[in-house]
Amino acid sequence: MTGGGFWTMGGYAAYVWPAYAVTTLALIALLLGALRGLRQAERELATLEGSRARRRAPSASAAGDLA
Amino acid sequence: MHRFANPARFLRIITAILPWSAGASAALLPLGLYFALIGSPPDYQQGDSVRIMYVHVPAAWMALAVYSVMAASGAVALVWRHPVAELVAQAAAPIGAVFTAMCLITGSLWGQPMWGTWWVWDARLTSVLVLLFLYLGYIALVNAFDDPTRGARAGAVLALVGLVNLPIIKFSVDWWNTLHQPASVARLGGPSIDPQMLLPLFTMAGGFAAFFVTVLILRVRAELLRRKLRVLRLAQAQG
Amino acid sequence: MTRKRRRLYLLLAGLASLAVATTLVLLALQSNLAFFYSPSEVAAQGVPEARRFRLGGLVEPDSVKRQADGVTVEFRVTDTRASLPVRYKGVLPDLFREGQGVVAEGMLQGGVFQASEVLAKHDENYMPPEVAKALKASGRWKEGEGK
Amino acid sequence: MSAFVAVLARDLRLGLRHGADLAMVVIFFVLAALLFPFGVGPEANLLARIAAGVVWVTALLAAMLSLDRLFHADYEDGSLDQLALSPAPLAVIVLAKATAHWLTTGLPLIAVAPALGLMLRLDPAGFAPLLLAMLVGTPCLSLFGAIGAALTLGARRGGALVALVVLPLVLPVLIFGVGAVEAEVTGLGAQPHLLVLGALLAAALPLAPLAAALALRQALESA
Amino acid sequence: MAKTDLDRGRHKLNQRSDPRQSFDSGSFAGAGLACVRGDRLLFRGLGFVVKPGDALVLTGPNGSGKSSLLRLMAGLLAPAAGHLTWAGRPVEANREAQRGRVRWLGHLDAVKPTLTVRETLALHGRLHGAGADPAAALDDALGALGIGALADTPGRQLSAGQRRRVALARLLVAPAPLWLLDEPTVGLDDAGFAAFGAVAAAHRAAGGAIVAATHSDLGLGDARRLTLADFAPSAAELEAAA
């Protein structure tokens, strides 16, 4: 660091910090958005497969009763 | 290779890549940030405002690179009709749009103190703005159809048509006398940037690229799951 | 056979069309298609008064004069062959200095370019101050190379 | 070649029999352009400065409006299937339809442009470059528009989507079209701008029909 | 996967048609065909052979892919798997020639409200290169479908059945060996139905072939049937594909 110190950015703090803030926020938003989409799809898939398992389950228990 | 082929192999490959790309971005981004904000010197003319370059330029590179990835996957989707290529193009578009917007915003924050204006209609800025509109048009087009395949194919054609904009962006600063300065890194005669400044630039660029791959994989995986959901629901409805 | 021949003709017509496009672009790029015009172009074309355009070039060394009011600045913009006086009232960008690139928007009035906006154009060189000093000291500095 | 002529003749005939639709595009053009004196005030200097831009932007929007005519009706009534199944290359048919579109919308727009220029107080030196630029530039609008119209066939929200897809592609036409007039009025000469417009047209002439044909095939796949 | 589909297709093919039939010259054939619309697999492992003079009727419930199979045969839709051949050569080798051999009648009539019947058919003749005397061919076509009196009537004044007749007349304006018809008799009255029967018989007698999708009887006599339900994937297969 030369010049006016870390936080003042040599007088360009009003431009440098927003630029980095925008970048950081955008990257975080991208990552969170992707993760949320993935989680949601996983959850829906789990629900669907759960309902199918339930549909199969009664017939299995009926067979068990017979035995 | 069929549309109804199981994309399991592709899923295995991207799952294997994911930890590496995630690790690379987790290592490179903080390192790049350190170099960019603390470990590199100010510019002889621009002072500390030059530090905006370390996010602005990698964002610009990614904006172009992601579009190339999108157009290439679009071409693969059209020629070989591979469903995975459609998914990759679709998943890449929003990421590219964010990088393009990031490039424009950070560029504006750099232009105000250095050039004396937030925005100017010169060839470089205008062509990057057109790139952003192409991304947005692509996203709107892909989502405008009830049949996801139709959307993906239409998007692929648009991505290919928009490819003509990339050389215009790259060479706009050489062909026209713009306010934007000419290329500093990819130019004949080597970079005109001091090595101490190239280091943070390349570290950040590497971090951005790894980050893009990571998010792309996450989004493609979500898309694959959604497709599986649709097919399962159809199967359920029929059987 | 006729199908192949027709294909060939269509292909040739397409290629010819693209060749024409390339030629036209190259022709257009020979003249200035520009964001801004240089002082010598302005002189050669005889730009009339009171027409808005952008003027670009280098700030002529030792030509910058600040008026008494503190906000009006006068300087000359040069492209080494011709130069034009510029008057501007307002805040100058940080990079505005003598010998540096500048783009001004405005119009000619009485032979003086009345600028309503002055933008600094910087070159593609980035280096720390010490390196710049060392380069200047060793005489390897190429002034105004980036234009 | 005969396929080109046949489709061109058919589309011209169809266009002329729907004369009211054509008139609507021209009326929109005139009306939209004449909103500007009310919007920005009737001061002659101000109008003169924006005249070329207003004429070009409204011409662009008018052309956008007419684009859904290009393929949509044929797609809806099955004619596009028949055209796509004729032995002629689909790109040739697209070129014919784009040509018909230009003849029925581009030419009328050019015809009324001088009147608009007068009412918007365009500098007398600007008329020739405006008309020349429109003569070269409006075919580009029809050609790029064909790509957009083909891409959006069968989409849920057609109109706005076509504009979103096509406008970024035709931005260069607008830039150089307006640039030609401004350069001429400033005394710097319209020629380089007109050359670029010519280059755009020469490049679009073979490439746009190919891209539009590709897009049409995709649209027909899911018809 | 492609290989097994293909084999299964051949197997079915041999079961349901004359075993002597192979992909011999002059015939139009498909093997191992699969079709996906959206995310939905409509059919797979489908094979067929159409020879000169043949009529093949596609049947199956709504949504089983009859229209899609016709579009696939026409080349408007690319198969997700399998291939089509004409006289033993793949149709992709020369798509333009294939388009010249096929006449298409979709479920839409492609009749413009402002064009007269004659104009509509004349365009079709010019696009497909009608024979030596296009005007005569056009008049013959109009006569065969019983719409000679409507020649100069604009499309908007035609009834649904009359429009269907115009669409059928398109098949005759420029002759081609293969007709692909999607519900050709929809909206036709008895006279129209009879006219279609006569036209179809003449086409087959001259060595032409017909593939038609329908829910009703077309009166095509000795037509063979292809039931699409036989090629529908099972629920288990659909789930496996996910």
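Should a chain be cited, it is by its letter among A, B, C, D and E, assigned in written order, with residues numbered from 1 in that chain.
Rule of thumb we're sticking to: contacts are C-beta pairs under 8 Å (C-beta built on N, C-alpha and C of every residue); 3 or more make two chains touch, one makes a residue touch a chain.
On a predicted model such as this, the values are computed, not experimentally measured, just so you know.
The minimum number of touch steps linking subunit B to subunit E comes to 1. Both subunit A and subunit E are touched by B. A centroid comparison over C-alpha atoms places A as the chain most distant from subunit D. Across the assembly, the mean Cα position most removed from that of subunit E is the one of C.
For the pair subunit C and subunit D, the distance between C-alpha centroids works out to 33 Å. In whole angstrom, the spacing between the mean C-alpha positions of subunit A and subunit B is 20.
Centroids of subunit A and subunit D (each the mean of its C-alpha atoms) stand 44 Å apart.
Inter-chain centre distance (subunit C to subunit E, centres taken as mean C-alpha positions): 64 Å. Touching two or more other chains at once are residues 41-42, 47, 49, 113, 147, 149, 228, 232, 236 of subunit B. Residues of subunit A in contact with two or more other chains: 2. Residue positions of subunit E with contacts to 2 or more other chains are 37-38, 78, 96-97. Chain contact summary for the complex, subunit D toward subunit E: residues 2-3, 6-7, 10, 13-14, 17-18, 76-79, 81-89, 220-223. Partner subunit D is touched in their complex by these residues of subunit E: 37-38, 71, 74-78, 96-97, 99-100, 102, 104, 106-112, 114-115, 119, 123-124, 126-129, 170.
Listing the residues of subunit B that touch subunit C in their complex gives 41-47, 49-50, 53, 113-117, 120, 122-123, 175-179, 181-184, 187, 192-194, 196-197. Residues 78, 126, 130, 133-134, 136-137, 140-141, 144-147, 149-150, 153-154, 157-158, 160-162, 165 of subunit B touch subunit D in their complex. The touching residues of subunit E, counted against subunit B in their complex, run 1-2, 34, 36-41, 44, 78, 80-81, 234-236, 238-242.
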